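Okay, so subunit A shows up in both of these, paired with subunit B first and subunit C after.
Showing the complex of A and B:
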């Protein structure tokens, strides 16, 4: 039996799947033609896999929770306010921040593709780009929220933002109760990615 | 185009399935496709809107049965062939045949941080004052262009209200064709869910979309 397993490992371990082979061929072709620099590809991947992510958006939200003047600037014109924290760039050139209140809950979607505020949230998760969310968010928002385990109070109305242009939307969630004594950095740890898309709520303090 | 990408309001796709602790990329080839598409976009051979148009032009069955980065890969291959940067045979073999067609610019590693920190704004100087003001009653145009559009089907012909004015922006429909059309005013237009979905609407909810001026007409 061990010998049999070894044979299986051997036959599968070194082979590329069809799509891996196809992408590898394409990359080496574009490098050979001088259209792409492999070091730039690595830098792009490093940036969007490890540097840009929802920790950025969480800093924005926490600042808005502790600094009313910043919150006002953020809601009036998102991009310059977010730039104050050293955050910005590709996919967030035209930021619109929308505030949750007891009366209104905001939910962000891109029904046509995958538009998403990269500088504050990073690259979108698979579900945001996949048909179930894109199809249902606009017609059945409460059902979508239920998929995420979120139940809103009866009286809360939902506004859905369909990201059909280069304006990109981020939700400013409500500050959880019982967080009055927490500092800005601790508050940021309560801010989840989904709470800034509108499919979640911030975590409760421990 | 009335393609498979225009998903708003479609039934039958099932529940949203979020994966806890999902990685940014699921495989090495996804990393490479993402970076290749971004770097090729930087060569200025085509616009971002043209890339979206290439992806949504996939046959609907293929679009709906492909993963996200498979769609990106298919779109990129289509654009490379269309613009004469790589032939299907070259892409199959991974080997260049003949002298490469030049591109306007190539992204260098040390440019990634400064350029992507700064971003690539899409707003432009307006050619005319905005046609609508906040609070104006509008109706979304009922039109079905075969090319790239950012007016989803579920909004066409529906009554709404202007809620915000964002400035003048590159118009995706002309940019997708590689044309330098005039910029258009961009608005947030809001719609009562009942006006989009009738009796199926979530009571009291609203949907907004980012509306280019030519997508809107006045309403009495």
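Showing the complex of A and C:
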């Protein structure tokens, strides 16, 4: 470059990391070739940054806790029941909801990559996508739960559900004791993201 | 405090960008969720290295593989455009948007 002015080059120019530049390159090429629309990209980012998240799943769980008929529909066929609450979309086309009971605790993993029920839980946390969780959830679920601070009664069986691109699982946790008088909206605030993956339990009422 | 306060879904803007590209291309029918999971699953299991996290860097790698296989964009084309963005960034005052049209061109390099 003519006139190698280091001060100008480095203090006043902008920086893109190699990966930032590569993603921008892909984006601009795909827009140029007409495969994607910039407005659609912005809308997707807005949706997943601000609208989709575990608050959706919490509404599903709270409804199932207060409405036995809904719970039955949810466990029989997850997707249409979840759609009743206006929740759906990519990553939730075939939802299977598995219920925790005193006998059985359910734990969800994706051993292939990071399949996750986006419409109800948002995008997966970093640990869900990491090799240790993918591997250990299957071979040592009790150890994984201990890492998350969850200890189950000895007699409780743990069932592992391996999410795929086609089928995404969500856990219906047990309703905490002492919540008989709480309304649906308050119950939803007790539901944690991890309790719907199976690595946590709902919060106790205050 | 609610247990629903998940961390922000994207640590950096480029993660959101690659995520949106992949979902938009699936929405457009370019590849199916199953094809995507297979591509991502392959990207995180390199033959010569331990299994990797299925993070957004691997999303980028998996998408590049699919685009190459489909002959939509090969590595050389992407490299060329990446270099153009790096030059454009270099020529853009700090704080200004980095636009491809600000690329002074590879001819400007010596």
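Assorted remarks:
In this text, the second predicted complex is superposed on the first by the 191 of 206 C-alpha atoms of A that agree within 3 Å, B and C clash if a C-alpha of one lies under 4 Å from a C-alpha of the other, contacts with A are read in each partner's own complex, and residues count from 1 in each chain.
Here is the rule we use: a residue touches a chain if its C-beta (ideal position, glycine included) is under 8 Å from a C-beta of that chain, and two chains touch if they have at least 3 such contacts.
Please read all numbers here as calculations on a predicted model, not as lab measurements.
On the superposed subunit A, the two partners subunit B and subunit C do not both fit; they clash.
In the superposition on chain A, A:100 makes contact with neither subunit B nor subunit C.
Of the two partner chains, subunit B is the only one touched by A:159; subunit C is not. When the two complexes are overlaid on their common chain A, residue A:41 makes contact with subunit B and with subunit C alike. By the touch criterion defined above, A:25 reaches both subunit B and subunit C.
Within the superposed three-chain model, A:49 lies in touch with subunit B and with subunit C [touch as defined at top]. Of the two partner chains, subunit C is the only one touched by A:15; subunit B is not. The clash between subunit B and subunit C in the overlaid arrangement falls on one stretch of those listed (22-30, 130-138 or 184-192), that is 22-30. Taken together, the two complexes place residues 19-20, 22-30, 33, 35-37, 40-42, 44-45, 48-49, 53, 90-91, 93, 112-114, 122-123, 125-126, 129-131, 134-135, 164-166, 194 of subunit A in contact with subunit B and also with subunit C. Subunit A contributes residues 1-2, 9, 11-30, 33, 35-37, 40-42, 44-45, 48-49, 53-55, 58, 90-91, 93, 110, 112-115, 122-123, 125-126, 129-131, 134-135, 164-166, 189-195, 200, 202-203 to its touches with subunit C in the complex. Contact residues of subunit A toward subunit B in the complex are 19-20, 22-30, 32-37, 39-45, 47-49, 53, 88-94, 96, 111-114, 119, 122-123, 125-127, 129-142, 144, 147-148, 157-167, 194, 199. On subunit C, the positions that touch subunit A within their shared complex are 2-4, 6-10, 12-14, 16-21, 23-28, 30, 32-34, 36-37, 40-41, 44, 50-55, 57, 60, 63-64, 67, 72-73, 77-79, 81-86, 89-96, 98, 100, 108-110. By the touch criterion given at the top, residues 5-11, 13-19, 22, 24-29, 31-36, 38-40, 43, 52, 55-56, 64, 68, 70, 73, 76-77, 80, 85-86, 90-96, 100, 103, 106-109, 111-113, 116-123, 150-152, 154-155, 164, 166, 169-170, 172, 186, 188, 190, 196-197, 200-202, 204-212 of subunit B touch subunit A in their complex.
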